[in-house]
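Here come two complexes built around chain A, the first alongside chain B, the second alongside chain C.
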Partner chain A sequence: MEVSTVLQSLISGLTLGCIYAALGLGLFVVYGVTRVLNLAQGEFVMLGGMLTVSFCSMGVPLIGAILLAVFVTVLSGAFLYLFIIRPARGASGSTLAFLTVGFAFAIEGITLLVWGWEYRSLTNFLGSSSIHLWGATIFGQAPWVVGMTVLMVVGLFFFFGRTMVGKALRACADEPLGARSVGISIERMALLSFVMAAGLGAIAGATITPLTMTAYNVGIPLTIKGLLAAFLGGLHRAEGVILGGLLVGLAEALSAGLMPTGYHDAIALAILLAVFLARPRGLLPSRGAAE
Partner chain B sequence: MSVISTTKSRVASAYRLLRVPRPALVLLAVVAVLPLVGNPYVLSVLINIGLYAIVAMGLVLLTGLAGQVSLGQGVFYGTGAYASALLCLRLGLSPWLAMPIAAAASGLLAVPIGRAILRLRGIIVAGVTLTVNMVFYYLTISVSDLTGGATGLVQIPRLPYPKVLPYTTFVFYVTWLLLIVALILSCNIAASRVGRALKAVNLLGGGSEDTAQVLGMDVMHYKVLAFVVAAVFAGVAGSTYAHYTSVIEPHTFNVQTSVLVSIMVIVGGVTSPWGAIVGAALIVGLTEFLREVAPIILGGPTGAYELVAYGVVLVISLLFLPAGLCSLPARIEQWRKERRI
Partner chain C sequence: MKRTRGRTIALVLCLALVALAALPGCSSGGDSDTYKIGFIASQTGPYTALGLPAIDGARLVVDQINAAGGVNGKMLELVLYDDKGTATDTALAAQKLIEVDRVPTVACITATGLSHGMVPTLNENKTPGLIMSGTGLIDASLGAWAFKPTSSEKDYIPLPLGYLKDDLGVSTCAGMIENSGYGEGGEHYLDLVAPTMGITVVQKQHFDPAATDMTPQLANIKASGAEAIFIWGSGPAGALAVKQAREMGIMLPIVTTPAQASSSYMESFKQFYEMEPSLVSIDSKLTMWQQLPASDPDRALCQQFDEAFVARYNRHPAMWEAIGAQFIMFIADGLDRANPDLSDIVKARGQLRDAYEQTANLSLFMGTHTMSPTDHYGRIVHKEVLVTYQDGRKVLVKTMTD
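Then we have the complex of A and B:
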């Protein structure tokens, strides 16, 4: 086996892993605070990508386009919580999950109506070009994707660990009743978690579009990969979700490089599923008295 | 007292092994005369409704009775279709023989899958079944020697049929007869010992797995059983679909189909097998209408309006009619009573 093949697989695996970790983090934020399995997380990513492409093509500079895309996606996240999830307070987990499915379908349909079915792409950020390294290629956008995820992780850890609002969110996740009794508005925190998930999703969407392209129907496969990442690592810990994302990405890329062509997608997913079923509580042990 | 009544009901169930609900007979009569008035287009839509309703009815047993969510029924629908097609194309079996074998194959596949995933609890099962469906989809594309890859299988033989009828009419009869059989079976399962056991496991319906377990029930056994029955229903529908269209492709059995079936079950009502029929009729009807009419009136690409409609219908039904359309008559009745008082 060529060294360059392995290196190439590792590089693309790391990049893919960062994408899935970003998705998993969005799922984690919502699930942690509200116990809603948000099956529309991939739609936020798709929406972020499509909106950035649109704003760019209107002549808005990239940074502005991303900010606008994040803004609109965040509005959609707020809509999801305020008008779909909140009215169903107290419903079972599956009802809440299916409500997000409904939202996902509607977003897909509206996207198809507005933008059509064509795949869209962006140019690499700041025109960064591919780097060649011992026979392997690092695509120009890949460092941006990795950097975006690292920033996201650092930002989230800072937010949850150091800021008052972040600590309030964690309180809601750990002990809703206790949080309420010290005066934290659970509803406001729930809204914040959806808004954050939408924002994280939109940023991820804008960043991965030059690499993966985007279209109205990329949301569901992204959600599934994000779910797998989150389940693998354990939905109860951010570190677990990041680890899970990297594992999913690496498994996918390594099997694409090493396994017979055609079979690799199925094999990678099946292996990951088997790992999850062997350790259904997640690879990382839960911290303290989690449910 | 209770001992006597149990004995009585046991005797009764021994004598009347299969209870046939009266509305099922009405449905049978309607099905018998429908082809006389419907044109081929209407019949093809009705076939679609019937096939989806069979898959959905399996899911009603699984979700409504046993309280297990699945977003992976496409796997078993697809297994039925591919198994049936391959048995005919490769081994030259008669479609009539291939159909039960394909259904059994779906059921067999459901045993290990069910055993593996039903250990999990709660909403995670939904995510895992989605992933299983995705693995199945990738497999149908990549094992191309067997499945024909992305283009799928073609020239699947039709069901042998009396030439006095058009094929569409014949398939309509087959589909809806199978649906009525599924309906009668579902009603009987719900009223049987197994049905009661499943209700005891159903968290969504007020049961509890832990309580059932403590009372000495083999909970896993019953959950897997419900999963297998649902898979067999889906397998039968898949096999019928393959012999009806003669062409199958992986896309038909992907995640979207599984989610759509779940939407039908939710919209129709998860507590009654009739909900499957109502839900399938509503969603397929809506799809046909929006596919044929909306792009002409409003413009825009085909397929967009139905996606929006699925989402809106699902959300509205979960928020305002969580027990589905099937519960509507009871709700109206209750509302009237309250007004009278």
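Then we have the complex of A and C:
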């Protein structure tokens, strides 16, 4: 077993893990506040990428393109909450999750109509080039992806822990009745959570596109990976989701690099299944609050 | 009271809409003025890169034939269904075309693995049909009713292997195999044919069609000492693998299958495709006919189709447009000879099946076919070419006859 192969697999695993963690965090933000599993999270990521590519090709500089892409995606997130989730707010959790699936398919279909089936790419941010290290390669965009996830994590911790709005959001999750009784508008917080998830998803989408390409149908597989990360780590804690994402990414990459070829996927899934069976409530213990 | 009445009206309206939507599918089958051609392709799902171009190619040929008076005085009509990239929807579409639309024939253009599911459906329902499968592994099991007027990798794999051996002096290679029906076929024939041509397959790695990071597999290939890489797949990961290989500093000759030669990937990955040694892809003559010598027997056919396609769709056709087109060409040829009796659909299907089996020396884009009772693939002339990439264009490297 070559050192360079192990190292390459670790690099790949870390990068993939950050992508999945970012997906999982988007799911966490919505679930944490509203108890709705937003299965359209991957579509926000896809839209972020596709829109950024489009705006760039119209001549908008990258920063502006990303901001515009985030703006449009945020509008779609608001639409999802205001016109689909909120009118159905009496429905069960699974019904609401199915509604988000419907929304995801609708976004996919519209994207196919507007953009076509072709895959699109972006150049690495600031034209970063690959770094070669001990026989392995770190792609130019990989540090941006890792950095984006780190910033997202730090930002979310600060937001939920230190700001009034963040605390209000957590209150809605922990104790909706209590939150309402102190004057927090649950509906407004729910809208905010969808808007945040959409915005974070879009930023993630723009950042991963130079690495992975984007197309109308990349949303659903991304959502599934995010779900895997979130369930493995435990949807009740952000730290768990991040850990779950890293675990999925590493399992995928290490089995691709080190296990007998042809069995990669089976082995990766077996590892994840074993983890899940060992800790069905998530990797990290819950903090004691009712789930 | 008011609420339930409103809901009832809404329910009735919805049911009415569904009924209206279903109507076009409910034809009596007794329409003897047109030949209905069932056409199943991916309009949604992971294989739209194959399906949407195929539909465009098919439509062009249908319109051309109809403009020239149709076949036996009857117009051709495409009855199009979306296979959504799943085997279930492919089978359902076929069932619907056969039982509800009562078409005399069905064409299925989708990913290799999915189209294999059509074979039992066609045979059980005694309906002659065409399947698009890229692998020779299916050729012997087509049965009495399925036909495959397209390519089998077993016939064109000597082309890139010969290029590696004779033109580049390579004697070891690695396979990057997609986890799919097409990849499985490629792996099978690579293992079978490479040794006979003096090339040893020293390493094989597998990847998912939608994979976004293949660096672990590429690292293994790099460590194996292989002198060249074969990327065998039809999904986007194959094109991404070329980019990632070059970014990892792997500068070995790389050969890919036709999917990676699509113009969309060429545009997105131009920089990596053209890096020395530039990528070599298996492709069809249609995409670079201008570089064929005037004496090439297929130049005129390709030129005609290319120009007509550009005039209508404002883009150049590539392999999948050609496959869609040639399926219609094959069907039209069969209809012409069979002149099936449409008032009896069972009889018509039998007549058409016989005519398909008697196809002889039919020159299509990917090859020339002569079918027989024992060979429903029947390709006797193979027309693949090898191309490489330079300054945003494809450049002819080698043909099957060089």
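General observations
Rule of thumb we're sticking to: the second predicted complex is superposed on the first by the 287 of 291 C-alpha atoms of A that agree within 3 Å, B and C clash if a C-alpha of one lies under 4 Å from a C-alpha of the other, contacts with A are read in each partner's own complex, and residues count from 1 in each chain.
In this section, contacts are C-beta pairs under 8 Å (C-beta built on N, C-alpha and C of every residue); 3 or more make two chains touch, one makes a residue touch a chain.
What you see is a predicted model, and the numbers here were worked out from it, not measured in a lab.
Partners chain B and chain C, brought together by superposition on chain A, clash.
Once chain A of one complex is fitted onto chain A of the other, the partner contacts of A:Gly102 are limited to chain B, with no touch recorded for chain C. After overlaying the two complexes on the shared chain, residue contacts for A:Trp117 are found with chain B and with chain C alike. Residue contacts after overlaying the shared chain place A:Pro280 against chain B, while chain C stays out of touching range. Contact with neither chain B nor chain C is seen for A:Arg162 once the two complexes are overlaid on the shared chain.
Once the two complexes are laid over each other on the shared chain, residue contacts for A:Asp265 go to chain B and to chain C alike. Contacts of A:Pro221 after superposition on the shared chain: both chain B and chain C are touched. Aligning on the C-alpha atoms of chain A brings chain C into conflict with chain B at a single listed stretch, 113-121, out of 113-121, 167-175, 293-301 or 383-391. Common to the chain B and chain C contact sets on chain A are residues 108-109, 112, 116-117, 221, 262, 265. Remark: chain B residues 69, 116-117, 119-120, 122-124, 126-128, 130-132, 134-135, 138-139, 141-144, 204, 255-256, 259, 262-263, 266, 300-301, 303-315, 318-319, 322 touch chain A in the complex.
Residues 37, 39, 84, 87-88, 91-99, 101-110, 112-113, 116-117, 220-221, 224, 227-228, 231, 262-263, 265-266, 269-270, 273, 276-277, 280 of chain A touch chain B in their complex.
Taken in their complex, chain C has these residues touching chain A: 44-46, 48-49, 52, 179, 204-208, 210, 212-220, 222-223, 236, 239-240, 244, 247-249, 264-265, 268-269.
Every residue of chain A that touches chain C in the complex is listed here, in rising order: 2, 4-5, 8-9, 11-12, 15-16, 108-109, 112, 116-121, 130, 132, 136-137, 139-140, 208, 211-213, 215, 217-218, 221, 253-254, 256-258, 261-262, 264-265.
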